[in-house]
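To start, the structure itself, in structure tokens.
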Amino acid sequence: MADESFFKHETAIVESSTVGAGTRIWAFVHVLPGAVIGAACNICDQAFIENDVRIGDRVTIKCGVQVWDGITLEDDVFVGPNATFSNDPFPRSRQHPERYARTLVRRGASIGANATILPGLTIGERAMVGAGAVVTRDVPPMAIVAGNPARIVGYDGAGSLSAGALSTTPAEVGASPTRVAGVTLHRLPYVNDLRGNLSFGEVANQVPFEVKRYFLVYNVASKEIRGEHAHRSLHQFLICVHGRCHVVADDGTNRQEFVLDSPTIGIHLPPMVWGIQYKYTEDAVLLALASDRYDPASYIRDYSEFLELVKTSH
Amino acid sequence: MADESFFKHETAIVESSTVGAGTRIWAFVHVLPGAVIGAACNICDQAFIENDVRIGDRVTIKCGVQVWDGITLEDDVFVGPNATFSNDPFPRSRQHPERYARTLVRRGASIGANATILPGLTIGERAMVGAGAVVTRDVPPMAIVAGNPARIVGYDGAGSLSAGALSTTPAEVGASPTRVAGVTLHRLPYVNDLRGNLSFGEVANQVPFEVKRYFLVYNVASKEIRGEHAHRSLHQFLICVHGRCHVVADDGTNRQEFVLDSPTIGIHLPPMVWGIQYKYTEDAVLLALASDRYDPASYIRDYSEFLELVKTSH
Amino acid sequence: MADESFFKHETAIVESSTVGAGTRIWAFVHVLPGAVIGAACNICDQAFIENDVRIGDRVTIKCGVQVWDGITLEDDVFVGPNATFSNDPFPRSRQHPERYARTLVRRGASIGANATILPGLTIGERAMVGAGAVVTRDVPPMAIVAGNPARIVGYDGAGSLSAGALSTTPAEVGASPTRVAGVTLHRLPYVNDLRGNLSFGEVANQVPFEVKRYFLVYNVASKEIRGEHAHRSLHQFLICVHGRCHVVADDGTNRQEFVLDSPTIGIHLPPMVWGIQYKYTEDAVLLALASDRYDPASYIRDYSEFLELVKTSH
Amino acid sequence: MADESFFKHETAIVESSTVGAGTRIWAFVHVLPGAVIGAACNICDQAFIENDVRIGDRVTIKCGVQVWDGITLEDDVFVGPNATFSNDPFPRSRQHPERYARTLVRRGASIGANATILPGLTIGERAMVGAGAVVTRDVPPMAIVAGNPARIVGYDGAGSLSAGALSTTPAEVGASPTRVAGVTLHRLPYVNDLRGNLSFGEVANQVPFEVKRYFLVYNVASKEIRGEHAHRSLHQFLICVHGRCHVVADDGTNRQEFVLDSPTIGIHLPPMVWGIQYKYTEDAVLLALASDRYDPASYIRDYSEFLELVKTSH
Amino acid sequence: MADESFFKHETAIVESSTVGAGTRIWAFVHVLPGAVIGAACNICDQAFIENDVRIGDRVTIKCGVQVWDGITLEDDVFVGPNATFSNDPFPRSRQHPERYARTLVRRGASIGANATILPGLTIGERAMVGAGAVVTRDVPPMAIVAGNPARIVGYDGAGSLSAGALSTTPAEVGASPTRVAGVTLHRLPYVNDLRGNLSFGEVANQVPFEVKRYFLVYNVASKEIRGEHAHRSLHQFLICVHGRCHVVADDGTNRQEFVLDSPTIGIHLPPMVWGIQYKYTEDAVLLALASDRYDPASYIRDYSEFLELVKTSH
Amino acid sequence: MADESFFKHETAIVESSTVGAGTRIWAFVHVLPGAVIGAACNICDQAFIENDVRIGDRVTIKCGVQVWDGITLEDDVFVGPNATFSNDPFPRSRQHPERYARTLVRRGASIGANATILPGLTIGERAMVGAGAVVTRDVPPMAIVAGNPARIVGYDGAGSLSAGALSTTPAEVGASPTRVAGVTLHRLPYVNDLRGNLSFGEVANQVPFEVKRYFLVYNVASKEIRGEHAHRSLHQFLICVHGRCHVVADDGTNRQEFVLDSPTIGIHLPPMVWGIQYKYTEDAVLLALASDRYDPASYIRDYSEFLELVKTSH
């Protein structure tokens, strides 16, 4: 029998015995026996919760939402009205897959009104799925997605993209601090004569470390993200030498977005800064100068692990 | 207690006491106490009506629709099945905005099946939101919108856009009447020699008024509308001198859409005609010749006010 | 009274007396009196079935779906959660069309989660409407559609489109068999000198029949399909001489998709092969050489009829 | 017998008896009997002068130049070394046209080294044909041409084209004088909002005359000139509303070149100013507002006549 | 000693003893001993003729021309003033190639004023090199070339290229004769529906022969010619299915140029018609249907031989 | 009086007394008194040599060439027939500049037939001006130029540009030697996944020196050269990270041209190698990694000096 510490509207049908304290379940809701629902949730009219479902604490499920077998909603998730999940990538009537695709909505993420989530995806921590979006790929932590199919249009908390972002680029040659600890933005020297343009950087003057490696990123489909990790000890200096891309830097506390759109703008990402590169134009070429050779062990690829490491390093 | 002159299905839960006569409320509907609902409405199965809601007379709400706090539906509005409203632009679970964004659906507007309406928007009078559209901006009166994000694809009652519209352009140099009172379409004289093209107009011959002002509209994003108003006494003569745009003219009774796609087509908009310009191509430049200097007092910017003025002027 | 051989949840309201054996109707469902529902169906929570509705056998209707007057779902159809039908192309509150637009979902078709189906369309046999798609045009048999508005992105069972398809093209000049009976793919001879390229084919060597007719297909909007039929006795040899298009060939048992993207690739479609051409690039020109003159009686335009003919011809 | 007041190198063959005083004729030159040569000319080694030739005073003909039947060189013309004239547009051996094409090089013009002049052309007053140019069309007065085929690259004395020209455009809205009498350059007001740009001008404020006519010039091949004349009494106000073109204004004494490349730049050409428009980009649209209706009698199309009129009007 | 039947100006130096009767050699000309010069030539002032030179009858050499070792000018050639030949592709002072490049100017060709002919080229019969052209490649018979580097701009006698050529295309579906014997121009049937365009031809109706072979010509650099030959017995039917190209047809007496710029225009070239295809746009694809298999023996590749064959076949 | 050790044709007029031994001066040549002419020259018919002229030894001047005041031809220069110099950038009849523009043709350079050299230019050592070229800018040492205006099309001795050049790029990741001492061509490692391409290099593995500086060259007009110098001690590693450019490397003995057209091709230029970069595509971005900071003293900018230094360093 269900925990009586939760509220159930008289028309709701709650067959599960695992519902947390303080949770409210409203009119015409139907919860099947196997569902596990946390505390302090709010499950609105006409919602439907199947059996193989895990719902954390403080989750909001608005009207008209179904949560199917194979879906996990972590703590503090918000699911907007009529947002629709699915768990079979190629459904045919009365043909059931051996195992339903699993969907994971990570802690603090929100799914907008009437959004559609294709089967088998992960929606990252604090990500925001826009109203009406049709999500066909994993959504990274903090990313904001919109459209059909959904594309990343920004990052939560990374600030005003256009004016605000670039206004921090120093007008004069030199470096300037940013909102993110240790990250500096550099206006690089350049010479413009009739023969064309030449910009440059020298170790110690513009590039704040010895260069042991370079790499070039190019031919990135605009819908793709390249880079989304931190490094334990590596310094990087990034310049978009052709085209344009965006860089989000995040020290675990502050986050800021930068537009790299000129060979005369560089950004220094020191160790223990989470960096994301995205919104590559079709013709973008990103040059990265690195302080050390390639070492897979240097990468921190899980944002939660990164946050943990940042916390413990203080 | 609710007015017993309305119909309520036995499974519906109606907590409001303000429901108009003749309104029908169907199975599994839930109406919260604060909602105000007009007469002769039809509220279908599984609809949900929150508290801070105003619904006019003769409104249709199809199955699966929720009407949230902050939403007003004026008289004669139609809301299609599973169409979804929202009232929080950046929802997070259990974090409520100080004040919900307000949504206003004006008299006679229709919202198609499964459309999504973002928070804080106004849907204009008799506008038509297409099925599946995701509306991210205000919708002007009579506009038809579709897509994700939704764009204006036409105007209700403005007639066949392509063939029909242009067929009214006179093939020979000269003016021809249109369906809209006082509006004339002009084929302008031009000279084409090896050096290029030259088209022209002279006051009294082609341009039916003295020119006291010109203005140029350009760099209009294709999703934008420029102009959507009437003038009390000003004459305008419009020529799209590069690219293409559409003009809708409306005398309060008849409405017609014109494609301006050549420097040899001009349109004369006399006073007291509501004019809309939209569907600018990226490279469009619209030249307007005006019969008087700029005077903000000349503008009528509210369509209802325009209709009122037209009526009283007869 | 309804046939008691079906299951009805205690909260469901079933007013129809024509429900087939083995059909299950779940919580908060509402079925109006005129609906005709087949056997072994599964109609999930909060579904709504109007009167002028025909539903075949073994149909699945997931939660939150409404089936309106004028809609027919043939046997084995799947309708995903919150998928939304409509039956009035230009709805206004309390203005009913003389006759509702009719929607036909053919045998075995599936409609993905939260998809929107505009009024008056036919969804072909075994077609697949992707989750979140907004369907504005008829969907051909076996086609897979996605997006807003929905476009064809593939054909069910036609195999891997990119690598897989082309890997069957012979690297050397000559013909090679395909998975489809009688269909051969040809690498055509060509000469490349400083003046440009020349490719060619000769009857008996490359083109396996006498040529009595040629035709050219061009200016095809990318969203369009040209060709979707079989011929009783005609041979065709197809070459995409500019741009690129896709050809799906189907012998009634096997189906395969081919990318024609070079004047040096030809495909021979013998009689009694169902052929589809689609995904034309804007600049595509398809050259077809045919073994006989044009004869409308040669065409089989209905896929079911084709399947029938294939069966009887063995 | 030739006038003995001129110098003749001992190896020169001078068969004409009409050579002006002070003219020098150098080694290996050959002058046929019918040629008429003015005074103070300099005819260098290996030049060849045919019979039906008129050469004015103070003309320089450098080495290796032939002056064929049908060619007139007015006073002060310079012909560079090996510059080559022709007088038969489609020469075949021993097939002579009925009448040779006539070439006219107007007063003060210069023809650069090794340039080629096709038959039947006029090189305008003080024009400058660049070294190595192949001239296939008439060259306007003062124009500088270069290339194969030759294009106008500037106008003699019109000043620095790029920076210098535009630097006179006022940075603030308003008018500013130019080097040319009566001509003013205008920065026009404009409004820029999210919907696009709007620029405008009002009679008396920006446009210094009543507008009786407008005309639009477009689709000008970049090699073409549109406009090259003065008006007796007409005022014009020119705005390049799309693309870019150049305007040269000339009051008979001073000349200046302007780049019109924005709808916010206007130029006022008062009566009795010689105006040239050229270097149209492919997409240029030039809007001209005029103070009177079209009157062919208003045009002064001959630059010499213009200069005469300017002189007498002072 | 030279044949005294020719004229020599007193200042000319003629060291050759092989000069034909009636030839005139003018002032300051220098002819070296080994030169062979035909009858009735005209060699103008300051020309220079080296030793290993063959000049036919009725050749005109205008002033300032040098004819170097290795150059042959056939009968009736015209060389304009200052036109310049060369015979060493990579000249260095005092370094002589083992053998000079040979230049051949075929019967009746003309070289315009100040043109430059690079070493080792053949200028075809009756070709016309425009004034100032720099010829870097062989020039085909009758071709007209201009520019630096020179490109083919037309064919002598092929008529007006633009209007004239196309005006012969029948406006209605069907065939029409041309100025060239046996050549017909065809307007092909086509069907235009919403899905795109389809044009076609059937043997006997549109295509006047059985098709035994097709070939496709594409990726032709615009400066190139593809096809320049006649066939002894082959019929061809040409359609430019994408882009545009020009076809010149020549029956030995009449010549006409056609612009193929639509899949609905075909041209039938019967046997014994000299055909040239050129001016391919970058995206042009030419489809040829042929009445027989490929047979190298069918080709007549020498225009003189073609003329001979035409003559004898009558 | 002239040195009688040279040959003079009886019709030549030689007024200079400074002509070197073994020089031959042919018919109708005119040499003015001030000219200084070296030994073993060959000055052909109709040439004209003014006063302020310096001509070195072993120079060839073909027919119809004039050498004006202000022109210097160093040893071993070749000037083709009718090639035309000029010495006044803006000639007007009888208006002489204060001082004539000086033209310098460096040792061993060749000027093709009928080329035009604008005033004031330097033609570098062993450069080659193509026939008919119109030279409007300085020509670097060894460069081959052609066209109107003339552009660099190659470098003398740098080998076959297309196939030959790239064939030396190793197909496998790694370095390979070239014909130029010390210069290596590198195929760089890269990773290609669905997200785009990544290529890279590490110090010691791919980049054979420590990186102390990078620079980027971009926005180079295609007619321009960037780089044309050697370094005394600097190493450079060049990668064209977008677009394409050509690099010529020259060790003083051997010269080779390389096409950099991929981020996966690098070239190592060690000290004392003369490097030229040219033929930049409009979108080219060249990344240079350098072994030291910028030091102007490191540059050797004069090719003669470079050759001298190479010689002495052996």
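A, B, C, D, E and F are the chain letters, set down in written order, and residue numbers restart from 1 in every chain.
The criterion applied here is as follows: a contact is a pair of C-beta atoms (placed from the backbone, for glycine too) under 8 Å apart; a residue touches a chain by one contact, two chains touch by 3 or more.
Fair warning: this is a prediction, and the values are worked out from it, not measured in the lab.
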Chain F and chain C - chains in contact with each: A, E
Joint neighbours of chain B and chain A, given as chain labels: C
Chain pair with the higher count of C-beta pairs in contact (A-F, D-E): A-F
Superposition of chain D upon chain F: rotation angle, C-alpha, nearest 5 degrees: 120
Option in A-F, A-B or B-D whose residue-number contact pairs overlap A-C by over half: A-B
Averaged-CA centre spacing for the pair chain D and chain A, given as whole angstrom: 64
Averaged-CA centre spacing for the pair chain C and chain B, given as whole angstrom: 36
Cα-centroid distance, chain A relative to chain E, in whole angstrom: 67
Two or more partner chains touched - positions in chain D: 28, 46, 64, 82, 114, 134, 148
In contact (per the touch rule at the top): chain pairs: A-B, A-C, A-F, B-C, B-D, C-E, D-E, D-F, E-F
Footprint of chain A on chain F - complex, ascending: 194-203, 207, 210-221, 224-226, 239, 241-243, 263, 280, 283, 285, 287, 289, 293-294
Touching residues (chain side chain E, partner chain D) in the complex: 11, 26-28, 40, 42, 44-46, 58-60, 62-64, 76-78, 80-82, 108, 110, 112-114, 128, 131-134, 146-148
Residues of chain F defined as touching chain D within the complex: 13, 28, 30, 46, 48, 64, 66, 68, 82, 84-86, 90-94, 114, 116, 118, 134, 148-149
